[in-house]
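Each of the two complexes below includes chain A, the first together with chain B, the second together with chain C.
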Partner chain A sequence: MGIETVAFILMGLLAVALAGTLATRRFPVSAAMLLITLMVLLAGMYGLLDAHFAAVAQIIVYAGAIMVVFVFVMMLLNLPPEETRFGTLTLGEGVLTLAGLGAAVVLGTKVGHGFLRSAFQPTNARAPFFPEPENLKNVAALMFTDYLWAFELISFLILAAIIGAVVISKKRKTHAEHA
Partner chain B sequence: MLSMPELGLYFSFLLFLVGLFTVMFRKNILFMMLGVEILLNAANLAFVSASKITGTIDGQVVMFFVMAVAACEAAIGLAMIISLYRAKASVEADDLKLLRG
Partner chain C sequence: MEQLVQARLQEILPSAGFYLQASPILLLLVGALAALLLGVFRADPEKPNFTSLGVAVVSLVAAAAMPLVLRGAAPAAHLGSGFLADGLSRFSFVVIALGTLFTLFSAALTEKGRQLLRPELVCLLMFSSAGLMVMTSSGEFLTFFTGLEITSVSLYVLVGYQRQDVKALEAALKYFLLGATAAAIILMGMALVYLHVGSLRWSDMGTLRLSPDAPFALMGMFLVLCGLAFKLAIAPFHSWAPDVYQASHSTLTGYMATLVKFSVALVVLRILGASVAQASSNLVLLFWVLGALSIAIGSTFGLVHNSVKRMLAYSSVANAGYFCLAFAALAANPSSVSAREALTAYAAVYTVLNLGAFAVLAWLEDGNNEDLLKEELSGLGSKSPFAALALTVFLFGLAGIPPAAGFFGKFMLINAAVSEGLTGLAILMVLFSVVSLFYYLSLMVEMWLKPASRNSIAVTASSDSGLHRLLIGTAVVVSLVIGVVGPRWASMLDYTVATEAPSVAIGVRSLHPTTATASSDPVDAVKKKALDTAAKTPRP
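== the complex of A and B ==
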């Protein structure tokens, strides 16, 4: 077992532990800080998986941009501290949840693994194996050829999200009167 | 012994479980949104691991798209939280049951 695998396992275990800690925090801001740490850890895992572009984008976009919006909103709301409250499940809901998780485990380990091994093997001529050292060049080559339409649609989605966020969070007189 | 990307798939599953727990059981909407971020990150880890397992780069491209969707989700969701806080002065899911039948 190489040093890379050991580092990967440590990072993964730490990430899961951080996520578990996050779920039980009282203050949203401390949970957001834990989530930023988790994302930096995930970026390290992406780097170990030779996905260098994913690692850099994870830090810049996720830890740098999305989480800043989260922390900004938390400071804007300035909520008082409160005790951690959890919801409850009825027996039927619990049974259904366990059944769903069991199905997820079976799908993820048996079917999913076989699917990954078979579906993307050499028959898939559209996305051939790319040599790893030029990760960014390969990602860009695929993103702007086969995934060009998805890329353009995503840019429209982001535009719609910007306009939507402004419209939703705008102060409205009628809104305040109804409330 | 599992290889590194296969371990990544298992870590992704564990992270997804924790995120699902957060979304399902926390009553604070801010924590529910943080849970959704964990879910999306778990999916991204699965995409990158699958990309390594199959030797194709598609997973990393899709991972970038998921990241863009996550940014949209955070912007819209947080705007809705601000709007709700103005109307109800609360970010608890229990206080927002107007549509409960």
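== the complex of A and C ==
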């Protein structure tokens, strides 16, 4: 077991532990700070998997841009600490939570067990343009050849999101003002 | 290596045929932008903008006409596998464009629906339809997902735009959060499938062996299909549907309950038919369970509800369960033509019937409650016989009773399922159809046999116009004609799926190792050839 595997497993365990902690925080800001740490850990895992582009994008986009917006919104809304709801867990909620947890465990162990047992060899139906370590070049080449249509359509997705944000947040005349 | 990318780009760059075949999508996108820009010249943005509506109508009519003009064209894939121009996509373009047109007209003719005609909302509705078209015409996961998200983002906003209404806000938030979760599940599934196959194209997935020995493929496909089941509101992923359908305006509910489900059903058809090259008992089991649950829950839960929209929401859950019969038949035999015919027939019939039913509801809600109760329909037969008659036709159709459409669709579904040995599911469907008939009939009893009471709704004169009768009358006539002559399009459609021409630039690793020669790597040979051709072809 090389140092990379050890680091990967450590980061993975830490990430799961952090995710569990952040879901139970009462103060939104501490949850946000934990989330940043989680993002950085994930970026580290991507880096260890040789997905350097995904690692850098993770830090710039998620840990950087998106988390800043999160924290800004929290400051603007001045959120009070959440009330803990553990006391009011109803029977139905409990059963559903257990069922969900059970499904997650089954999925996770099934995939993991299959992975360990079958010495999985991924097939590669489409050979990459550039040989192995070229990460960014492959992403760029695919984006502008095979996935050109999706890439162009993303601009409409973003436009729809922008229009949507304006529609939702625009101040509307109340009926009293109309009269 | 750079030449390789250049060569691939030469293959990818779309020909004139692409612009013709994709014109419905392009028309809708451009029309949406034009409709949005026209709003700039209006003083009061809150008022409906009929110029925008005109632009939208023109582009939708053109979008519905183009596929009919081009219907003889041979199946071809463009832009990699991103856009498949084949019979199935052309069929879906026509249905989606006409359905959107119907939604817009139905909104324009009702007082409350006219809020939907603000230019930005018309634009979002058209984006959403374009997203649906992108979905149904895509041949790989990434483009499909982009289309799905364009549709979903637009619909989240359209559901939530009535912000003064707490219920609508709650529905929008529920729809958004659960929809985002479903999208995440689909993405996770896509990633796992990619891990196994090394390609996002559905045509490359002949190697997908869905057995516990291939955990990534099995779980990936399972997650993708569960996410899609959420979008189809198949039980147990249905709980959002009644709330969202109840709180949004009926014209919009009609759109969400029909066109979105229609498109997602066609996507499932494409994935099951093209990718899973061999029969998979695991998938049959999945669809068996989903279908049985959905049919049972949809048929029985509708009985206890009093709100007409909630009843129709549960009816749509049951109908999504009926789709599962075709899905299961396809999973059992991916080349089954009868399952394809049944699905295209029933999805379109269901679209017509539910669009019509929700248009009638939108009409009745004008000047009344947003959310009609069953008792409020009492005496409608004497007050507005036309509305009552139209609703009766649509409900008979949904119940699957012959002169109205719906009977043939169900007949074909059962036929497809039984011929693949899914007799149990077919029996369940028939039994629960009888149960669901109870709530369809109870609505009719309210309308025709009960006298008007203090609670019953008033039919306002403003909305009871000739144009409105014409619109709903068209839907009634269409559903009756389909009911009499049968869904002819299903057997006329060419189900050949367009496939990408083999790429000289990148090549496809042989999916069948027996045919590959051990001495030379075929990919390298193809690549060398590609480099030669790339050097020969002059750069534009």
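The working rule: the second predicted complex is superposed on the first by the 127 of 179 C-alpha atoms of A that agree within 3 Å, B and C clash if a C-alpha of one lies under 4 Å from a C-alpha of the other, contacts with A are read in each partner's own complex, and residues count from 1 in each chain.
The rule we apply is simple: contacts are C-beta pairs under 8 Å (C-beta built on N, C-alpha and C of every residue); 3 or more make two chains touch, one makes a residue touch a chain.
Every value quoted in this text rests on a predicted model; they were computed, and no experiment measured them.
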Looking at the overlay, does A:Ile154 come into contact with chain B only (first), chain C only (second), both, or neither?
both
Quick check on the superposed pair: does A:Ile163 touch chain B, chain C, both, or neither? Answer first, second, both or neither.
second
Based on the superposed arrangement, let me know which partner A:Val105 touches: chain B (first), chain C (second), both, or neither?
first
Per the contact definition in the header, classify A:Ala23: touching chain B only (first), chain C only (second), both, or neither.
first
With both complexes superposed on chain A, which partner does A:Ala15 reach: first (chain B), second (chain C), both or neither?
first
Chain C versus chain B, contacts on chain A by residue:
B
Touching both chain C and chain B, counted on chain A across the two superposed complexes:
113, 120, 124, 127, 129-130, 147, 150, 154, 157, 160-161, 164, 166, 168
Considering the complex alone, what residue numbers of chain A touch chain C?
107, 110-111, 113-115, 118, 120, 122-127, 129-131, 137, 141, 144-150, 153-154, 156-157, 159-161, 163-164, 166-168, 172-174
Chain C residues touching chain A - in the complex, by the definition given at the top:
1, 4-5, 8-9, 12, 29, 36, 46, 78-80, 82-83, 120-121, 123-124, 127-128, 130, 134, 142-143, 145-147, 149-150, 153-154, 156-157, 160-161, 163-164, 192, 195-199, 201, 204, 207, 212-216, 218-219, 506-509, 511, 523, 527
Of all residues in chain B, which touch chain A in the complex?
1, 4-9, 11, 13-15, 17-19, 21-22, 24-28, 30-31, 33-35, 37-38, 41, 44-45, 48-58, 60-65, 67-72, 74-76, 78-83, 85-88, 91-92
Sort out for me which residues of chain A touch chain B in the complex.
1, 4-5, 8-9, 12-13, 15-16, 19-20, 22-23, 25, 28, 31-32, 35, 38-39, 42, 45-46, 48-51, 53-54, 57-58, 61-62, 65-66, 69-70, 73-74, 76-77, 79, 82, 84-87, 89, 97, 101, 104-105, 108, 112-113, 116-117, 120-121, 124, 127-130, 135, 138-139, 142-143, 147, 150-151, 154, 157-158, 160-162, 164-166, 168-169, 171, 175-176, 178-179
